[in-house]
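Each in structure tokens, the structures are laid out below.
The same subunit A turns up in both complexes below, where it pairs with subunit B and then with subunit C.
Right after this comes the complex of A and B.
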């Protein structure tokens, strides 16, 4: 397991490096003179030259790229062109909020999705199944900002239970979490349903029933665990999606999250912010994907076996050899 | 039904209700199994053998399947009147089942020890460690070292997996063991081992056995009684001795003729001509009519009942094969 983890960690570093290179190169292609973007339309040639000197804009592409990487390794995400503030600080103040909303949204979505999907599968073609299928299809196809606005309309304006916008504590997070939760649950419900349906027809489910096991345990212990790999993939892809910041949801609820931050930077052509923002999002997603892959091995011993967790195999080979010598 | 009767099935009818048609899988099957008796249920694929077996545990997949008629008595108690909760106490405890394909019968994500322990803990009031010891004991009993308790099914070969399945089935000392083609999915060399294991353990523990198979040779070796099933009905039944010496139903005879003979030189097998009728569209008369060399006019319109023709031998046929003919 350790060997595999280290291998995956190396891959993760390579992925991050290549992604950064790609984004760096793409942003290089953005039209417009960076110095003019920083200084404004009315800047003089002298001030432009000074800015080019200050931000090292005259250096060749690869020099700037490796400077950037070196700074990253020192934990320095660069300086915003617009605010002249360190980007690391701005991201650090926004990231927790995005993470809270993404994590809780996905947790809510997972709970809803697992329950709804499993019930749907067990009671296939029942009224319950059809209603849930409809709701999840609806949740998947309705745009998140529309659901968000609907929630604001109902719970803030009509009922007045929850604040509509801002982020000053727990109650402010309920509606965004609910919005993301509903959307995430739709995908998870659909995946759970199809995956459980496939598993409950398997022979080992019949074996479990023939042991006299209760239906609930048969479903949870025998069916769900076997069905969990594709469901986990779905959960993990939802999480990476929302960790990237849900720009639309953040906009509707006026949440100062990382999605909004990067979007603003794109609009103002604040290239270091875009670059570092994407890097941070990318790093988080990589971690989630890494953890997901490791979780697969925990859930399914067969996956663990294919990774070749050397120790046991060697031991067995040694035993076999000994047996042969006797 | 006397007091030594473990299982008595009376006029069992099982149907599968599909969207477009109704499949009549089992049509009025009746039989008894006595204490310690070994009964073989023989028939080709789709004859309703497995459905009959699953009915005894009330595990016919529902929907679409349903037991529409008949009674099943286990130790004199009618299972059709039992609640699901009572049935759970019977499954794995009084009646255990070995399934056809050991490759898929075990849960791939749980250790084999866990899977044996599960059934032990369901039916016995044992702590975790006692159940673990008992599970290891069961593994040893079927010839697998106890240390392999923590291994997963994918670490075992097919024959070993079937041994684990047998360990699960026997863990609670069932009174009746149903073995549904326990060797069909295995290599020929392993088949003999597994059969021998089942036989030995049955002798040791003294439970009754319902062995489902399509191998007449296996039945001859293993069983006291045999029932031949065709299109959801039993067409011939009796003690192995009587039936094998005096085959009366043309279908049984066809099955025997289809076995390749070692002492005769022949290039081709002798199959029974035609196909089994579609179980969703069974003919009015005898289901074997279309393929039967002995068919008479009566067979087309009337369904023959299973009738005693001699002691311990019953046949459902209007024109059975005469001895010596």
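Right after this comes the complex of A and C.
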């Protein structure tokens, strides 16, 4: 397990490094002179030269890139071009909000999706199944910002139960979490349904029933557990999607999260903020993916066995192939 | 033994296209979705004839009017008829959705096919695309928009880049399984060139899941483009794009709910239909496909 974890961790660090390089290179292509973006249209040549010196804009690409990486390793995310404030502080104050909303949204979506997906798989082709499929397709077909506005219209403006915008405590987070929960649940419902349908006709389910196990235990312990790998993939991909994609929900509910911060920076062409914002989002997603990979190994011992000790090479390859075909 | 109608026709030598249509016809929801989509296409094509008002005409006597007989979907803060704007807006939605998919499908499939058919290219191409797809969607799109700027063409390019890795992975997986088939070996033994093998033998057999993905991703793409317009990084005012209309209606939500809810319903309708059609196509083209 340790060997597997270390291997995954190294892989994650390399991916994150290359992603940063890619984003850094892409942002090099932004049209316009950076010094002029910082100083404004009316700046003189001397002040432009001073700014180029201050922000190290004269250095070659790779010098600046490795400077940036060195600063990252020291916890320094750079300085905003527009506000001249350190980016790390601004992101640290905004990150918790985005994480709360994304995590709770996906937790709500997971609970809804697991229940709805299992019910519609067990009662395949029933009225339940059709209604749940219709609802889960709604989550996939409707834009999240529109669902958010629908919620605001119903629960804040018409019924007056919940506040519409802002972020001052628990009640303000209910609607954003519900929006993300509904959207996330649609993918999880569909994946749970097809995955449970696949295992539910297996022999071991029949065996479990034959030995007199209650239906609930059969479904939860035998069916759901064996169907869980693809569901876990779906949950993890929703989480990475919403960590980076809360910007839409944040902008409807006026939540000062990291998405809104990056969006502001994009509109003002504040390149360092965009770069560091995307880096933080990617880093969070990499951690989620790493934890998912480790969770696979906990759930499915075959994956762990691939990286285990004392297994002969040939056997290892065979297991790996089987795991790959799954 | 009673053979189904579909089988009899197959024996008579029907083309694959006809077979697919015969199977698709059994799925009522998919057929209904297809007709709704055709209707939306017709509306988009004949927008100048159908729209009851000029979509740019401002009328300050009729600002923010609730839906009524003269204006079935109401008017906006400049007195412009929302129905006419939705009819014109369907052009943006359909063109962006379709063109983006065409671009990313061609580029992605080509990359995937090369990666699978020439093992030397496999790692460089696929690892490069992996890095692209490790960036979450909105973060990547914002990054591309800041480089390209906001316009319809640039939005299509940005969205197209975002969808390329998915197609490449799918095409690669398909070609990897087809590469070692006997008919490919046979045509290679006959001395066929790589281009001929790829275009005539491998691609036609790899198309089914790509077509399904095309249909389903168009729905997703329409949502993404509306999202970009919503946060101000896509189509710019005063164009009548649906996502932009939702965004403009946001400030009038408390008094004029229809302003942003109705364009949203249009997006939901189109993307619902694309999803149902995709489901139907998947069952018709290859029932074993599962995703």
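Here is the rule we go by: the second predicted complex is superposed on the first by the 307 of 326 C-alpha atoms of A that agree within 3 Å, B and C clash if a C-alpha of one lies under 4 Å from a C-alpha of the other, contacts with A are read in each partner's own complex, and residues count from 1 in each chain.
As a working rule, a residue touches a chain if its C-beta (ideal position, glycine included) is under 8 Å from a C-beta of that chain, and two chains touch if they have at least 3 such contacts.
All of these numbers come straight from a predicted model, not from anything done at the bench.
Asker: Overlaying on subunit A: subunit B and subunit C, fit or clash?
Answerer: In the superposition, subunit B and subunit C stay clear of each other.
Asker: If we overlay the two complexes on their shared chain A, which of subunit B and subunit C does A:180 touch? Say first, second, both or neither.
Answerer: Neither subunit B nor subunit C is touched by A:180.
Asker: Mind working out whether A:149 is in touch with subunit B, subunit C, both or neither, as first, second, both or neither?
Answerer: In the superposed model, A:149 contacts subunit C only, not subunit B.
Asker: Just subunit B (first), just subunit C (second), both, or neither: which does A:243 touch?
Answerer: A:243: touches subunit C, not subunit B.
Asker: Between subunit B (first) and subunit C (second), which does A:273 come into contact with in this model arrangement: first, second, both, or neither?
Answerer: A:273 contacts neither subunit B nor subunit C.
Asker: Using only C-alpha centres after the superposition, what angle do subunit B and subunit C make about subunit A, to the nearest 10 degrees?
Answerer: Result: 80 degrees, to the nearest ten.
Asker: Examine A:38 and indicate which partner it touches, taking first as subunit B and second as subunit C; both and neither are also allowed.
Answerer: Neither: A:38 stays clear of subunit B and subunit C.
Asker: Could you say whether A:121 touches subunit B, subunit C, both of them, or neither, answering first, second, both or neither?
Answerer: In the superposed model, A:121 contacts neither subunit B nor subunit C.
Asker: Taking the superposition as given, does A:188 touch the first partner, subunit B, the second, subunit C, both, or neither?
Answerer: In the superposition, A:188 contacts neither subunit B nor subunit C.
Asker: Check the residue A:77 against both partner chains and state whether it touches subunit B (first), subunit C (second), both, or neither.
Answerer: The answer is neither, since A:77 touches no partner chain.
Asker: I want to verify the contact counts: of subunit B and subunit C, which reaches more residues of subunit A?
Answerer: C
Asker: With both complexes placed on chain A, how many Å separate the closest C-alpha atoms of subunit B and subunit C?
Answerer: Taking the overlay as described at the top, subunit B lies 9 Å from subunit C at its nearest C-alpha.
Asker: Going by the contact rule at the top, pick out the subunit C residues touching subunit A in the complex.
Answerer: Touch residues, subunit C against subunit A: 130-132, 134-139, 142-147, 149, 219, 223, 226-227, 230-233, 243, 246-247, 250, 253-254, 257, 260-261, 264, 267-268, 271-272, 275-276, 290.
Asker: Once bound in the complex, which stretches of subunit B touch subunit A?
Answerer: Touching subunit A: residues 57, 59, 87-93, 96-97, 99-101, 104-110, 115, 118-119, 122-123, 152, 154-155, 165, 168 of subunit B.
Asker: Inside the complex, what are the residues of subunit A that reach subunit C?
Answerer: 15, 18-19, 22-23, 26-27, 29-31, 137-138, 140-146, 149-150, 152-153, 157, 194, 198, 240-241, 243-245, 247-248, 251-252, 259, 262-263, 266-267, 269, 271, 274, 277-278, 281-282, 285-286
Asker: For the complex, which residues does subunit A have touching subunit B?
Answerer: 202-204, 206-214, 221-222, 225-226, 299-302, 305
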